[in-house]
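There are two complexes below, and they share subunit A, which is joined by subunit B in the first and by subunit C in the second.
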Partner chain A sequence: MSPVLRLFGKPWIWSWLAAFVVWFLTVTVSLGGGTLGLSQAALTFAAFSIIVGIGQMFVITLGPGNIDLSVPATMTLAGTVALKLMNVENGMILPGVLVAIVIGLVVGLCNYSLIKALRIPPIIATLSVSFIVQSAAIWTNRGLRIKPPSLLADFTTSNTFGIPNVAIVALLISIFAWFLLEKTIYGRWISAIGQSMPAARMAGIPVDGTRLVTYLFCAVLASVAGYLLACFSGGAALNMGSEYLLMSIAVVVIGGTAVAGGDSNVPGIWGASLFMFLVVSMLNTYGLGAGIRLIMTGLIIISVIMLAGGRRAGMR
Partner chain B sequence: MNDVSKAVIAVDGAKVSFGAVKALDGVTLRVMPGECVGLVGHNGAGKSTIVSVINGGLTPHAGTVAGDGEQLERYGINAARARGVRCVFQELSLCPNLSIVENTRIMHRDLGGFGWRTRAAKIIATSLDTVFPGHGIDTSQTVGDLSIAERQMVEIAMAFSNAGTAPRLVILDEPTSSLDASLARQMLDHVRRFIAAGGSVIFISHILHEILETSDRIVVMKDGRVVAERQAQDFDHHGLVEAMGSVAKEDAGQHSSGGPSTAPVVLSHKTAGLPFTARAGEIIGLAGLAGHGQTELLLALHATHSGNWLPERDPRVTFVAGDRRLNGVFELWSILRNFSIASLGDLSRRGLILADEEEAKGADWKRRIEIRTPDMDNRILSLSGGNQQKVLFARALSTRAPIVLMDDPMRGVDVGTKQEVYTIIRDEAARGRTFIWYSTEMDEVRLCDRVYVFREGRIMAELAGDAVNEKNIIAASFEGVAA
Partner chain C sequence: MTIRKMLLASAAVACAAMPVSAVAETSAKKIALSNNYAGNSWRQAMLTSWEKVTGEAVKAGIVAAADPFTTAENQATEQAAQIQNMILQGYDAIVLNAASPTALNGAVKEACDAGITVVSFDGIVTEPCAWRIAVDFKEMGRSQVEYLSKKIPDGGNLLEIRGLAGVFVDDEISAGIHEGVKQFPQFKVAGSVHGDWAQDVAQKAVAGILPSLPDLVGVVTQGGDGYGAAQAIAATDRKMPIIVMGNREDELKWWKEQKDAKSYETMSVSIAPGVSTLAFWVAQQILDGKEVKKDLVVPFLRIDQDNLETNLANTQAGGVANVEYTQDDAIKVIEAAK
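For the complex of A and B:
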């Protein structure tokens, strides 16, 4: 098999191709103007979906039925509580991060406790936890919009060597996630559990421990993303996580991770996240109305999944 | 005799290859009405592939398929079924989430219309009663709730059932692998009745005496070719083994006499019947009729001695699956990853997998247990069933766990490999490893130092040393010693 052909066998190549095509179409229409701006904006906004999407990907890898729907609420709660704690003081940045991470851990623990102790399917367990978490966010927030500390606000909105800082954070997290999946025992374990839970159990894998850690990891990534997003957008808002519910699942699926579990890949999340942002901005550039835009977004996503999915089935 | 015009199915010069592997290399096979053809050969000899060609699942890349004297150009699964070709697969193929009646409807396309449930229930119940008198299976049960032996029985009864299109050729691909001796006997008797009534059967099994006594003609396959084809009475046990090219010694398996009864007890478990104990270095057999609680005991032992929350440095037990689809292989993975998953703790440092050591260990075991593949990075599903089972064996034996639990692991493994594995088991036991071995084959049970006989979920008898023989085991599994 030639190198090029082998590249086309990779499940993540399709999301990258799609992202590139859309980027190219947008840039052509705007006649090269704002190419840098578009790319930077794409990287910035994609960074948040990447961080959330990686967590969701780990959970989906655990196999059929595993999904975390508490992601948006966790983002909101982490954002609000952290900003409130930091109270615009630069010295409180570190405690703010820690609080966000602790919130993630607590939400993850609640999720898995419900799944395991009460034997509720993950889709319902995480959804009900999400209601509690969202209500907690409403209760702490009380309609106040607290600004982030100035250092953090600057950090999240500026670039290093032309690359947005949040994209660099997302890259570091992605490298870490890739390393976990490919090089560690933990990565093998979640892939094994995703393929067959009974077989994983009989092979001596601590199934419950591994699943718990995965739900914790997903919730922590969601709260880190919420923290960064709140700082980036100049304050936490109660609806700031809502678009990330569909987004976190869509980037996993478009990115070529097996929905049935057991097989995940990190590069695809990047291609898919960039693609999701670029589609919207392309349709904006073409000056289409909001309704048409949403319909087009849906159709484009479906066609990318069909193309990528069909290809993969043939490769098997 | 070998007249194409009379044959129910005649395959001529069939060639099939999967990538670089030649699964069939010009096979010619005829099946006459009223004849049982035995098909034997090693794992990967091409038996399952020729079956797929006959039942229409595979189109040969070269060669022809003819039925009743006419060339069949567009031959597929539906065409095969319409001609009365039925198949019982080595891998059980019923839908586990549906009831037996609903599965019957799926098998028989002509069963549609109002009242199909009643008709389907009648058809399958009649067939079960004919093949396995006194089976005690309720046809409204969900297939997933049945034991593996019951599932196999339903599948066999399904193949012999008649709903419009009468079965003419039934292919039995290792049908007795999950059945105990008395059920296997019932099935073989039915095969003879079916043959006497003019039906045809292709019978694949690794249990040679079944083949010898049931078949009219025996075809021996090796590496995708037919290497011998004779009337059954011209073969004997030894001749068959020789024709398959197996170098295994006959009767290598006698249990080590006496046994180390003074070794320390490594495992004890309370059960509904007699208490269960195991000593270091013992090979303990779990016998009795299939599905009478042996697998449940193994699962309970595994659950109580392995952690579900924290990773363990020194695992106490390891498990070899018998139902490899359910709790054995990881289908998306390569052979190497399937092999190494249980011993990753030894192949890593601080949670990081050492790829070189993993590969070296994989190569070592590939040699030791002769896994037939050009590359351990190939997908596990590229292997034949028996070779997948070898990988599961290697997975368990390569761990450091002192206790190995085996859930009827020799299903679908050829004679030569079995002998190799028996040798490995004896060597490991001599070094102090304990084996707890559930088997449906009497030859394997006789290899054990001590045997627990099960009946209805309880341990009814314990046999040791010279008391481990077929007569005692059958006596205990049918009557129970306590009675």
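For the complex of A and C:
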């Protein structure tokens, strides 16, 4: 098989192609004027979806029924509490990050305790935890919008060599996730659990430990994304995480990860996140009404998934 | 036996006495707030205002109780069930911020049939037996373009930031803006995005459409999206256009910073979250036996260049510029509608 054909066999290539086509169509309207601006904006906003998407991907890889619905609430709580703690002081940046990570760990632990100890399905368990977490965020925050420390605000909104800093953070996290998934025994374990939990148990894989770590990892990534997003948008808001519930799942699916679990890939998350931002920009740029815009978004997403899925079935 | 008889007798006396006292005053009346959503700063301010004003009213003995209830999921079915519970709990009036203008009509009708006064505000219901306290959202949109036409007589390109797609308020404000553009044809809406009344969503949407837009002279908004738009435009090398703000504290603070630094000028307009307290007093007046028209209009709260500082000082951090209404204000609004 030639290298080009092999490339088309990769499940993630379709999200990249879709992102490129949409980018091209948007840029042609503005006659190349806003190429750099659009690309930078796409990288910046995709970065947040990438970070939460990677966490969600690990959880979904664990197999049918595994999903984390507490992502938006965790983002909101981590953002509000960290910004309140830092209170605009540059010296408090590190404690702020630590608090965000601790919040992620606690939420992840609650999620898995409910799933394991009370035998509640993940979709219900994480949803109920998300209610508690969101209420905690409302209780601590009450609509207060505290500005991020100036160093952090500058860092999250500026570029290095033309590339947004948040995209660089997302890239580092992605490389780490790719390494975990492809090169470590832990990555093999979650794929094995996703393909068949009983078989994985028979093979002597520490199933519970692996699942716990995965839920912790997802919640920590969500809280880090919430922390960065709050700093980027000049303060945490109570509804800042809401659009990342569907987004985190959509980028996983469009990226070519198997919804049934056991087979995932990191590059697809990037293609899908860029695509999700660009498709809205494109339809906005063409000036279509809200109704048509939502229908088009749905149709485009369905066709990308069909292309990716259909192609893959043929290759196997 | 005798005790039971005495109890029955006193109950009978109380029942007989009730209708007489009910016309004269409302100290025995219980009012409930049915609210569909609490997850943003405007709703938080609305609930805080409610607690503050009704807390004092309860302490002063004007009403017996004024309990706020908020549904978790912003669903009409959930809120309908909540209203049915309130009917069973025996509230005398329900003040309602509805999840849908039509989906709650059945539950509202049930409440009316049970003799309960229903006053809807902000998110109003169309059921004829309920009272409606509405804002002239169309005028709110039109007045933005009128303001811009005074600041920039030559006109130019505008960016419109809309709210949540499919919500009645979004359609009304947008219709007002387009009416304004027709009235002042030197302006043109060059692009339009949905910001969902949230700063981060607006920031993302504006950043996505900006590269394809020509030079902008103004940004017309719906509130809760001005600061996000400013952040997105500040990240590019464009000249800052006049962004109409929506009374949020972060928006007013940003405006103040720009005003001090480069004498930036704009205005800010939105509905005050304290409208919940106006609805409370209207409900109290109806229970008191006042004749009140079913449709009332509440003025929106506008902030201009010269009263920015006072309004900013009165707005709590993270909140929304607010007005809390008194019983006299409610009587004035009721009189004005007659």
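In this text, the second predicted complex is superposed on the first by the 316 of 316 C-alpha atoms of A that agree within 3 Å, B and C clash if a C-alpha of one lies under 4 Å from a C-alpha of the other, contacts with A are read in each partner's own complex, and residues count from 1 in each chain.
Just so it is clear, a contact is a pair of C-beta atoms (placed from the backbone, for glycine too) under 8 Å apart; a residue touches a chain by one contact, two chains touch by 3 or more.
Since this is a predicted model, take the numbers as computed values, not measurements.
> On subunit A, do subunit B and subunit C fit together or clash when superposed?
fit
> To the nearest 10 degrees, give me the subunit B-subunit A-subunit C angle using C-alpha centres.
Here the answer is 130 degrees.
> Looking at A:Thr297, would you say it contacts subunit B, subunit C, both, or neither? Reply first, second, both or neither.
neither
> In the overlay, answer first, second, both or neither for which of subunit B and subunit C A:Thr140 touches.
neither
> With both complexes superposed on chain A, which partner does A:Ser128 reach: first (subunit B), second (subunit C), both or neither?
A:Ser128: touches no partner chain.
> State whether A:Asn284 touches subunit B only (first), subunit C only (second), both chains, or neither.
second
> Name the contact category of A:Ser113: first (subunit B only), second (subunit C only), both, or neither.
neither
> Going by the touch definition up top, name the partner, subunit B or subunit C, that contacts more of subunit A.
C
> Just to confirm the geometry: in the superposition, how small does the C-alpha gap between subunit B and subunit C get, in angstrom?
34
> Just to be sure I follow: which residues of subunit A are touched by subunit B in one complex and then by subunit C in the other one?
None.
> Which bits of subunit B are touching subunit A when the two form their complex?
Against subunit A, the touching part of subunit B is residues 302, 306-312, 315, 317-319, 321, 326-333, 337, 341-342, 344-345, 348, 351-353, 395, 399, 401.
> Considering only the defined contacts, which subunit A positions touch subunit C in the complex?
Listed in rising order, the residues of subunit A that touch subunit C are 26, 29-30, 33-35, 37-38, 41-42, 44-45, 131, 134, 138, 141-146, 157, 229, 233-235, 237-240, 242-243, 277-278, 280-281, 284-285, 287, 290-291, 294.
> Contact residues on subunit A for subunit B in the complex?
Touching subunit B from subunit A are residues 183-186, 188, 191-192, 195-196, 198-209, 212, 258, 262-263.
> List the residues on subunit C that touch subunit A in their complex, please.
Touch residues, subunit C against subunit A: 38-42, 44-45, 48, 72, 162, 165-166, 191-194, 196, 198-201, 203-205, 207-212, 227-228, 231, 235-236, 249-250, 317-319.
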